[in-house]
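Alright, structures below, take your time with them.
Both complexes shown next keep chain A, but they swap its partner, so chain B is in the first and chain C is in the second.
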Partner chain A sequence: MAGHSGRVRVRAASLVAPLAVFIGVTFAVPLGLMLLRSVHDPVVADAMPATLALLAEWDGQGDPGEAVYAAAAGELAAASDAGTLGQVASRVNRVQGGLRSVMVRTPRRLRDAPDGPRRAALADIDPDWTDPATWRAIRTAGERWTLRHYLHAVDLDRGAAGGVVRQPPEARIYVRLFARTFGVAGAVTALCLLLGYPIAYLIANAPAARARWLLALVLVPFWTSLLVRTTSWIVLLQTQGVVNDLLVAAGLVADGERLALVHNMTGTLVAMTHVLLPFMVLPLYSVMRGIPARQMAAAASLGAGFVHAFRRVYWPQTVPGVGAGSLLVFILAIGYYITPALVGGQSGQLISNLIAYHMQTSLNWGLAGALGGILLASVGVLYLAYDRVVGVDRMKLG
Partner chain B sequence: MPPTPQPAEGPPHVEFEGVSKSYDQRTRAVDDLDLTVRRGEFLTLLGPSGSGKTTCLMMLAGFEAPTAGTIRIEGRRINDVPPRRRGIGMVFQNYALFPHMTVGGNLAFPLEVRGLDAAERRRRVDRALELVRLEGLAGRRPGQLSGGQQQRVAIARALVFEPELVLMDEPLGALDRRLREELQYEIRRIHADLGVTVLYVNHDQNEAMVMSDRVAVFRDGRIEQAASPEALYEEPERSFVARFIGENNRLAGRVAAVHNEICDVEVDGGIVRAFRVAPCGPGDRATLSIRPERVAIAPTPGLYTNEFDARVEDITFLGDHLRLRLDVCGRSDFIVKIPNMVGHGAVIEGDRVRVGWTPTDCRVLDPDDEEETP
Partner chain C sequence: MTRLGRIVFLAACALVFAFLLAPLLVIVPLSFNAEPYFTFTEGMLRLDADAFSLRWYRQVASDAVWRRALGNSLAIGAAATALATALGTLAAMGLAHPAMPGRRLAMGLLISPMVTPLVISAAGMFFFYSSLGLAQTHAGLILAHAALGTPFVVITVTATLSAFDRNLTRAAAGLGAGPWRTFRRVELPLIAPGVVSGALFAFAVSFDEVVVVLFMAGEAQRTIPRQMWAGVR
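Here is the complex of A and B:
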């Protein structure tokens, strides 16, 4: 008997195994690596261990001393030979701008420099080497485990004295972008709810044949490429586009004052609402389908007007659907990337576009990971809040 | 013994006058209907599904608008009054309780709408729960109750704001037999206690017989006959009613002669003398309706006017009575019920027996063209 049930268990496990492996490889591991990267950066620490060990003794103010210069010169040369100098330099450069070229240039020039104290040789190559700030930057970039990416992600930095300070005003971009992202996600969620609630009600209370058609219409966007849908909005909303043409033809807008509907916040809101609407409609529909039409009739027979009946009888029963839809749309919206990138213009860019920038262009994966980690944490907080207010077990996703 | 419903007397409470309802402009779900319900009456609208009974109820409740005709409550035309202003208590088919509210919340809902204060609401909710014997369950949710308890809550909710007219749309349809019988009794008791007028939609003839002062039998949007259960059973005026209420044997034939209320009808196998209900003359087609328990087996010769030779095809023992299937007058599905008394063993399958019945137990009705439902 035990052997039999054991075999059954093994067979069941082997059926789930491919999915478990798939989720592990494509989801859990990358997510873990991203979060790891946001707090763990071994590049500088591995390349300059001796220098960093010596810098640890240094007070961070005066001259670090010849030993540091010698160690740094040797390790920079070694990194240059190993081909990792570029990575090391760009890490340090992120802490303090301008140091990249200094560090890349140094080993080549050192080869031609006369023997003698390395301090003089380095100072000769670039006066920045005598600036304590340079060494502080190397020391900071050399932290193997660090929270500085998270500090940067919320526009903070470590000050010269060691405390946490705000970034200079011109460098404060992320907090504003986070605020904009949450604002846009909230607005999109509200728009989806406003538009989706009546649609879901209509479908849930339509005769079966018509309901199937309406549901298919809601789902049509799913069958179309996101890229196609987004670019269609550009065609529709651009200054010489269909919407503006119609408004001008109707005499509502003068030809010279065509509205800027795309490549700004308006475009982002319109396109995102359109793309995310099905995610609101489906959970709402699934909840509403379970509410007998007779309930509103019953409320009316008991003397309640429509508003009262809706508020006391219908709405409370749809709250799990409203919660599930809103949570879904909000979570998808704060991670939205392609749509804002295409129709958002400058003012319609969201935090995910910046994450993409740091992943692909600046290659600052640590900061990208920290920004992503913050998004992930805020989704977790939302989920917990939803659980507290509505109860996750009451959530209906479709 | 449950209290016997009082025969309803008194002024009209609800009147349907020439009411029609069409959903598609071609066919009529309700067709030129006239019906008066007296105050305090328990009236059942009985009929097969699609016969228009529920549509009638929905028009009275205000959820459907009549295509033509007038509906009055206490003489006042209510065609254009919205449902919430009609003050009618309604019990829905699947209860339509509000699952997110407690039983107390459900019952307080109509009182809250009417602006009653908390103390008064509480008092009335308690009284309504007492009425349906659910004291102490005010704090439960409908989902935590059994089907029968949910039904009681639905009834209490329809009564809690003290309407004078209560509509019930197949309220016991979802319950099992035992529970149904219990609630039939309960609803009758409540009706007797409160003296409200009840319109009850149903397709179960036994339930209609048990509960109603009067039953209106619906067919194809029209009322075939509206009468007390006894009258419907004993004196059906239409062959549809005879077929729908209780079991009965039907013989198709042609009228041979008419003598006032009695006429002779020629059927396969002879002439039957019968009681004339539908107007008919010699040569007309007609249906004879004979209740199975009114047929005597091996009667004293000459006692009954109608006597025929029959062959016993089949005997079923049903405890209190025996059910015989006979071949007589050209029909092989002629049913006779005989009480289970000493001596019934005299009849066995294959026997040839004489059967007889009186003209008054055999009614001449309109020709029934519909195929018998098995």
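Here is the complex of A and C:
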């Protein structure tokens, strides 16, 4: 940036600074802290430091020894008094199911237990306490910094003997869900291109007055509430809906065999394509508007058939618009939540829906953070591609 | 294109436009349904006057819950738009300046709320705003919606500024106008279309937003989309 004095540069930067600080505080920092949860969890480590220090020297097999039992008994009682026992127990439970209730009732029962070795007292409360797997679970949950949520997010886990193993088949859901999310985004992008290219061409080559009118038809749905449009697709596609009624009336489908078009993958694809189509049409239109109609006429007069002229003359000039629209649609599609949640049913759920589930229902924030981190990294890569192909500062809306 | 090809092409375009408009053509008549169902009744198809009614409009207009939701949507939308438009316009002017250092990086940060999947944004904001006591407050939602709206202002104003002739600013300065006067009298009138359309986008983002609201709003902050979500689910 040679040639600009420091003062001018400072003035330019000072115009950007307020928004940069605002976005930093209201958006970027919250996002960063959320991602931090995917690798950092101090709850168990803070509640059971002595137990964990002793377990660090244990070989993971066999009896951990009376010292560990005594430390754990003391620290569980303290956690119970401090009101954090529930949080500790649910984190251990996530590593090994069934331990939550064991841990929660242990301090209460310990109070009534006779003095003497804590190992006997704990074993008396629940035989799980003599199982090495219980102590391995506590040790795992006690890691302050961990990558295990990222392992879980790609259907892997750490084996009992160390090393990384695949999850049991019934627990392998996330890789498939990521694949489905990318597949849906790709299919929606392709559908948008297929539907958007002809109408962008029509609008770009129409007389000015008609072009304005047609463009308005594209923008009206764009400006209509997302929830309204999604709801409307339910009305259209449901079993007793408009589309099925028309098919039955036309005799194409028997009344008893109405098609399942919504609350499944079909519903997700149709509604998402509808919502994202304008994002494809607008960049295509803005590129096509700059291509003179004379070119195709010239190619035709030189003897090229339509298909040949289109492939050699027109299409190559629209590739920047195709790239811009496709990347934008794909980026928006992989993060979709509302539409799949409303019209997707079971088979149409995407990764965002599962992130919301772990945030709000299972409360497994570490895993939600890891799934979000992977999704966000994908968006980041696509954003860089978009910036390279289109240039973010040349993006246009409407 | 041959005559036949042209007919096929126009028919295909007509189908795409039908696809684009179908949901709107369906939902408007359905809003006059006299029955509380999500389908067209036989009476509606026969165009019986009795099958149509304004009961849902009356209900929305008279129901205290919906009226409060509308108030919340308008208040949160207006405040978020004002904040987003002011900050976004200023930033776009800085970004368009040839002397702006680190433009790519700055642009990446400022655009990020638009491309980040909403569920991730909403989850992060929920935790952070809760820790500051801002979850389940109007102020928290205003800040969150303003953050989501600013990229649209930055993009639309930047697009207008790319056609802006910098010599005009220099001329104004040469004629003795200070920076504020130059902004008010020269720059703002020229970029006004971008600012207005950015503000419209920012308002639309807030008015239509439901994911952040689902995570952050309490009973007192329910907006129209939140209320609709409860109805649709």
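Keep in mind that, in the parts below, the second predicted complex is superposed on the first by the 361 of 398 C-alpha atoms of A that agree within 3 Å, B and C clash if a C-alpha of one lies under 4 Å from a C-alpha of the other, contacts with A are read in each partner's own complex, and residues count from 1 in each chain.
Rule of thumb we're sticking to: a contact is a pair of C-beta atoms (placed from the backbone, for glycine too) under 8 Å apart; a residue touches a chain by one contact, two chains touch by 3 or more.
Bear in mind the structure is a predicted one, so any value in this text is a computation, not a measurement.
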Check your understanding: For A:Ala304, is the partner it touches chain B (first), chain C (second), both, or none of the two (neither)?
Key -> first
Review point. Touching A:Pro18 in the superposition: chain B (first), chain C (second), both, neither?
Key: second
Check your understanding: Between chain B (first) and chain C (second), which does A:Thr361 come into contact with in this model arrangement: first, second, both, or neither?
Key -> neither
Exercise for review: State whether A:Thr26 touches chain B only (first), chain C only (second), both chains, or neither.
Suggested key: second
Exercise for review: Could you tell me if A:Gln295 is touching chain B, chain C, both of them or neither one (first, second, both, neither)?
Suggested key: first
**Study point:** Residue contacts on chain A - larger count, chain B or chain C
**Key:** C
Practice item. Pick one for A:Gln346: touches chain B only (first), chain C only (second), both, or neither. Key: neither
Exercise for review: Please write out, lowest number first, the residues of chain A touched by both chain B and chain C across the two complexes.
Suggested key: none
Revision key, fill the gap. Interface with chain A, chain C side, in the complex: residues 1-2, 5, 9-10, 12-13, 16-17, 19-24, 26-27, 30, 38-40, 83, 87-88, 90-91, 93-95, 97-101, 103-104, 106-113, 115-121, 123-129, 143-144, 146-147, 150, 152, 154-156, 158-159, 162, 197, 201, 204, 207-208, 210-211, 215, 225, 228-229, 232-233
Check your understanding: Hey, which residues of chain A end up touching chain B in the complex?
Key -> 292, 294-295, 297-305, 308, 312-313, 316-317
Practice item. Please give the residue numbers of chain A that touch chain C in the complex, ascending. Key: 1, 4, 8-9, 11-20, 22-24, 26-35, 37, 195-196, 198-199, 202, 214, 217-218, 220-221, 223-236, 238, 240-242, 245, 274, 277, 306, 331-332, 334-338, 342, 352-353, 355-356, 359-360, 365, 368, 372, 375-376, 379, 383, 387, 392-398
Check your understanding: Within the complex, which stretch of chain B touches chain A?
Key -> 61-63, 82-90, 92-94, 96-100, 109-110, 113-114, 157-158, 161
